[in-house]
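A short worksheet on the structure shown next.
Going in written order, the chains are labelled A, B, C, D and E, and every chain counts its residues from 1.
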Amino acid sequence: GDPVKLLVFGAPEELGAYRTLIDAYQRARSGERVQLIEASDRKDLLARLATSVAGGAPPDLFLMNYRFYGQFAAKGVVEPLDERIAASSVLDPADYYPVAMEAFRWGGAQLCLPQNVSSLAVYYNRTLFTRYGVPEPQAGWTWNDLVATATLMTRDDRGLVIKGTEAEGAARLPAVHGLGVEPSIIRLAPLVWSNGGEIVDDPERPTRLTLDSPAAREVLRNLVDLRQAYGVVPSDAEVEAEDDESRFLNGRLGMLMTSRRATTNFRTITGFEWDVAPLPVYQQPVGVLHSDAYCLTRGSRNKDAAWRFMEYAMDEEGQRIIAATGRTVPSHIQVSRSQAFLDPDQPPRNSQVFLDAIPTVRALPTVSTWPEIEDLSYGILENAMHRGDKLDDVIRELDVKSRPMFARGEHG
Amino acid sequence: MTDGLVLDGVSAAYRDTAVLHEVDLSVSRGELLVVLGPSGAGKSTVLRVVAGLEPVTAGRVRIADRDVTDERPGRRNVSMVFQSYALFPHLTVVENIAFGLEVRDTPRRLARERARAAAETVGCAGLLDRRPGQLSGGERQRVALARALVREPDVFLLDEPLSNLDLALRAEMRAELRALHDRIGATMVHVTHDQTEALVLADRIAVLRDGRVEQVGTPDEIWRAPASTFVARFVGSPAMNLLPADGPLRPRDDAPTLGEEPLEIGFRPEAVALDATEGTPATVDRVEVIGEDAFAYLSLAAGHQVVARVPAARRPERGAAVRLDVRWADAHLFHAATGRRYQP
Amino acid sequence: MTDGLVLDGVSAAYRDTAVLHEVDLSVSRGELLVVLGPSGAGKSTVLRVVAGLEPVTAGRVRIADRDVTDERPGRRNVSMVFQSYALFPHLTVVENIAFGLEVRDTPRRLARERARAAAETVGCAGLLDRRPGQLSGGERQRVALARALVREPDVFLLDEPLSNLDLALRAEMRAELRALHDRIGATMVHVTHDQTEALVLADRIAVLRDGRVEQVGTPDEIWRAPASTFVARFVGSPAMNLLPADGPLRPRDDAPTLGEEPLEIGFRPEAVALDATEGTPATVDRVEVIGEDAFAYLSLAAGHQVVARVPAARRPERGAAVRLDVRWADAHLFHAATGRRYQP
Amino acid sequence: MPPLLLLVSGSLTEPGLPPSPTPQLVPDPLSTTGYERALDLGGLLRASLNSVLVAVVAVPLSVLVASLAGFALTRIAPRATAVVVAASLVALMVPATALLVPRFAIFRLLGLTDTLVPLIAPALLGTSPLYVLVYYLAFRALPADLYDACLVEDLSPLRTWWRVALPLVRPVTAGLTALTFVLTWSNFLDPLIYVYDRDLFTLPLALRSLSLLDPTNFPVFLAGAVIATVPALVVFALAQRRFLHHDDRPEG
Amino acid sequence: MLTPYLVGLVGLVLVPALVTLGLSVTHYDLLRPPTWAGLDNFAALLEDPIFRVALLNSVVFALVAVPLRVLLALGLALLLHRRARGVGTARTAALLPTAVPEIAYGLLWLWLFNPLYGPINQLLRAGGEHGLTALGRTPPQWLTDPTSARAGIILMSLFTMGETFVVLLAARRALPRDVYEMAAIEDATGWDVFRRITLPLMAPVLALLAVRDAVASLHFTFVPAFVVTDGGPPPYATTYLSLFVYQTGFEYLRYGYAAAATLVMMLLTVAAVLVQWRLIRRYRRFFQV
């Protein structure tokens, strides 16, 4: 019959990892065929998925982040998997981190199977830290520690500490910035939670953003100040010129707050040593879930074969293959604790950070209009951080503009 | 009788402007009809209607005994020289000429050969590989002619095919056309404004005026018995003199019996004798010399104008007083009111 | 002398084909020069060179005493009728005519008025709002003519401006042109293949042959003293008869003294007397009747051909035996070798 | 022109280096690594092949359809012409995004998704209705007498088109061929939606995935862009030659 | 002869377009069957600030870029229609940017516009100090300043007028030569020749191209906004209708809503075209030549 079609997106290296997985599967199970449908980014993937569903010929499987799967889940495009899981001799739900599994439950049914359970961490350039004699980030460090460290790491080309805000139009630009962090709701969320706040009024059925709470406000203020008060993060022009990830790659960023996903890319670094540290803490440590899952489409004509591949990909073997790319924190508990993930020969040495974070991670609300809300808030937050918009305005604008989106949203 | 071409009450119009009004014409097979008429009379339109390029608004067209009124142009088996030549700019001369043959699936070799022969006939054999853009006006016209002649259609439609040629060449082409016509017995409709051409070439001449046929007849009939003052004046150059019949100049020999109604008398410049001792007195306004002939423009006492042809050698001086005379035999009579010929 | 236009050793070529060879011409101010020549002789090219549309490869062009060889066309102050009319397809008749005035900043009102007057002159006042695509061939030509006449340039260049007009209209236009010329004293170069036009209109005629000037002279000189057999035969229709001077037909009156070298004798059809009782015997091959005249094509015993003009009324029958005669006074002598006129 | 030079120069820069703070026209060091990696990562060779395949079928077909349709418009009844012209104008107004989903459904019904056919299909409408209209105007501008002459010679409309009309608008054909080629060649949305199989990817799609490489790998991407541009340039250069060397025009 | 085109036109454009426009009166998310919405979508559009911004952006773009593009193309076509030394090269140069596949073109500009390392700003900074231009100004922040970003997108679109250029060039070359000779003799100035001959003779083509450009300006903006600016700088400086429709339709799965926006967009273009048509009606008569 037809091969199982698997729709994914990613940079060329990531796509390579999926090809490896498929090759391994096809070698292991003769007669099974899987076709990889490659989209280059999330938008492309969405467009393809939506048109093909509308056109009546969806792929059998697709890989989707829980933040975005809501709209598919809500619209009955995804096949519930509970029966198959129950019948499976291969998969045992207990083998997987519950937080990830939980993120893909919609209306009480398990819709997709999470491939990973990544979370946010702070990558840092050890070599630079050593050079400037700045202490490396420690578990349990606070936001203030982060700001202090970042300030110390912001240097000009002579290696002197410099304040990035003065640099605008002035004699010198920082040659090294202390920190890179994007002003998005997913970066903001764990910090707000850590500060005891919430980002939405009701995580189950959110109707609005609650950044106006004092806890959230403080976090937001602090985030904006990174640029506006301390100048430790690159300006927007600098970000446009060279994004944080490549800035880090090029050794000109002390720390970068990002998810596990960057690891693959950073493993190509040869010029310096780097490692990861946990997120800074306000009141208690909280992480944010980054998880992608395999989803089986309801319109698939090849569900059994697709399920067999899913079993393979989710099982130890498949998880190990993907884990080897460094891209993910495996959702399979055992694999995540194995050499495949914690391999000490591969940076970051401190991958344990990701595992340690798992008990504290929370998921963002799953509402079908979440992608819109993220896009909207990103624009507003970016302006807040780089243009210095008044915080009250920012918070109000976020609230007012996102409300209709929440209102349109459907919940699992 | 087998007809070559019949127009039966044909009318035609461009948008709302009626151009042809119930034109009746019949050309028998193998006949050469020349259509003569002033500029804008509808001569080209007649050809376009016959070719099927303009629809008729009334009437029927028959070619070779076949009603073709509703046939498309290609089915009418005519060949045509356009007044604007309509040469294909992207084809060489020989390709232009061979075009009609080749598209009718004549083998290329043969088509080229016949094209070359046709080019020879019209005297442009040396230009075969040029493109129309590189030809002089007359050369283009000859190519257009060759393109029409290379085929053997039921009817040739020639729209002023010689207008851009010099006299010598024109005489030659005329003879060629005539010879071709005699040789293949083709039916031809030839539009021209050159009366010499018409008189020499035509089996019959149709004189068109404002989209109406004014007269059809042999060259002799047209010349000797013009059906109207229009035809009379249009054919002949300078035009026939026209005076009131009871006016300033009356032939002095025996008059025919004339009716009551007002008539006009017409006589050609060639018919005017100048060296009469008697006759109507006149003064010479102006003299034009054309080779051996001269045309004297005279005013009669009554203010009328008359032209007379005289030998150049014996032309009068400008301002001279002369006496002129014509004979009834050379005179034509027309109804003054309608301009139609007067039949006593 | 003030010159209207001078071509001084002008040569011109299209790509590699030389078309004009050291043409010398001078037209004095206010003169009307007609350029006559067979198709492809380079007549249009002469005009294009004067207008500045073709570069010269050698020689100079002077207009109104000003060397314009290197001036661009617009600076030469000429107006031109193109053989192809070159009407602006998107402009109405009146806009076409007024174009030259309007681009020279004549107020629109005035320009239109003069355009209307010019249209009147050429008889297309009724067509002012049509576009060229809606005109007949002759109408287009008249518009082109009006467009040239509406201005008052240093030189008018008219390339066969009347070729598509009927005789009557042509005579009228010719008179208009002449009148215009006389009125404004314009310098005109008029290309035509119509010798009647040339003879009637021209102050002087330049006969062109293969890009070389064969003869320049008044109409009378061209007619009466053609400088070569080419001119002799080219001007006049049917062409002048040419026979070996010692051949089958010698005028019988007193011969001038002739030299040693072989000569040719030429005489026009009009000079041939047919009703001679004595004279050279000949048979009538064919007779063409053109109005009052007829042309008899005769073969002499020696196989030579001669054309004679006779009154249509007294034309011989085909096949009849006749005797023909000419007079020395009407005869022209040419060197047989070079074709140049023999000067005793 | 300068952007193109910069494109080439950029593509020859060593990937992975931090961006140079000063302008460099000739990169130092000069490196073709970008090209190697572009071919390697993006599957550019395969994609080029597909693009060529699509272009080879679609471009001639499209020019054919456009010129035939443009010609037909000059021949049919004015009223019908007006309708088709109006419809074409409307079609010009429809944004591409509005067509993706319904077309997908149509292609799926025909079983043509995940083949190259949907990429060739726009040739059916001359790639863009604009080209049909341009042909229409060009054909209409030819002297009417030429068409009349063809009618008299009993040329079928098809042969009139082929033997007379088309040769006379050769500059138009050359220009539109080049444009059709570029449009087909750079078509990006269609393959994005209709083609799944990586082996059927065309160049723009391959480029798109290269574009997601991080900025230090810009030379890799630029190399890809150069590879994707060169064929289009060649076609343009050829068309431009035709354009220049064609001087027979309707005269007088 | 018309059949293939008609099949393509109807099958690939008109019918799909009708389907999409039909969906504008439904709630349709591409995933579930559409449900009747009446005018809900249109009412929502009226309220939608993003739509309003996108609309404004598109209109401004069309008003600025379309005339510039057509004029630039016309100027070049008239300049380069003759045979002369260097003309071939110049033509090729004018066409080159059009030859670059859209996506590559967008990404190329992404690089050109790079605020720090991009060649444009590097050039602008040449001669200046401390990252300023020689005039002491900060160079345009192409990707972060809304106005510069809009200007940047217009700039990008200017270089791709090759299509318009080619069509105009072909049209110019098809004009009869003797008519121009006539004008030369009349010493019509370049301006007169342009205004009285070239322009009216090319009017049909120009009209077509202007209409086309106005219509397609909605399309020109798509790839640049999609690839280069991603609709930003925030909030929506370069979110044009095309991008708006794409995003709402395919990213947010509000296809019915996007269809409504499309319908509005088309109605606007129809209106724009009608206005244009009225303006060029003066030249209508030339069409009948």
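One rule holds for everything that comes next: a residue touches a chain if its C-beta (ideal position, glycine included) is under 8 Å from a C-beta of that chain, and two chains touch if they have at least 3 such contacts.
Note that the coordinates shown come from a computational prediction; the quantities given were computed from them, not determined experimentally.
Q: Tell me the fewest steps from subunit A to subunit E, where a step is a jump to a chain it touches.
A: Tracing touching chains, the least step count from subunit A to subunit E comes to 1.
Q: Just tell me the minimum hop count from subunit B to subunit E, counting one hop per pair of touching chains.
A: When the steps are counted carefully, the minimum from subunit B to subunit E is 2.
Q: If you tally contacting C-beta pairs for every chain pair, which pair wins?
A: Max contact pairs: D-E.
Q: Cα centroid separation between subunit D and subunit E, in whole Å?
A: Averaging C-alpha atoms per chain gives centres 17 Å apart.
Q: Indicate the whole-number Å distance between the mean C-alpha point of subunit C and the mean C-alpha point of subunit E.
A: 58
Q: Based only on mean CA positions, could you tell me how far subunit C sits from subunit D in angstrom?
A: Distance between chain centres: 56 Å.
Q: Round to the nearest whole Å and give the separation of the Cα centres of subunit A and subunit C.
A: That gives a centre separation of 93 Å.
Q: Scan subunit A for residues touching two or more other chains and write them down.
A: If we look for residues of subunit A contacting two or more partner chains, we find 47, 50-51, 54, 241-242.
Q: Among the residues of subunit B, which ones contact at least 2 other chains?
A: Residues 84 of subunit B touch two or more partner chains.
Q: Among all residues of subunit E, which ones touch two or more of the remaining chains?
A: Residues 30, 114, 116-117, 176, 178, 246, 249-250, 255, 289 of subunit E each touch two or more of the other chains.
Q: For subunit C, which residues are in contact with subunit B within the complex?
A: It is residues 14, 36-40, 43-44, 83-84, 134-139, 141-142, 159-160, 163-171, 193-196, 199-200, 219-220, 223, 233-239, 268, 270-271, 288-293 of subunit C that touch subunit B.
Q: Under the definition above, what is the set of subunit B residues touching subunit D in their complex?
A: On the subunit B side, the touching residues are 48, 51-53, 72-80, 82, 84-86, 88-91, 99-100, 103-104, 131-133, 140.
Q: Touching residues of subunit E toward subunit C in the complex: what are they?
A: For subunit E paired with subunit C, touching residues are 176, 178-179, 181-189, 192, 196-197, 200-201, 203, 286, 288-289.
Q: For subunit A, which residues are in contact with subunit D within the complex?
A: So the residues of subunit A in touch with subunit D come to 5, 7, 11-12, 15, 35-38, 40-41, 44, 47-48, 50-52, 54-57, 59, 241-243, 245-246, 249-250, 252, 265, 268.
Q: Residues of subunit E touching subunit D in their complex?
A: These residues of subunit E touch subunit D: 1-2, 4-9, 11-17, 19-21, 30, 83, 87-88, 91-93, 95-105, 107-109, 111-112, 114, 116-117, 119, 122-123, 126, 159, 162-163, 166-167, 169-171, 173-174, 176-178, 204-205, 208, 211-212, 215-216, 218-219, 222-223, 227, 241-242, 245-246, 249-250, 255, 258-259, 262, 265-266, 269-270, 273, 289.
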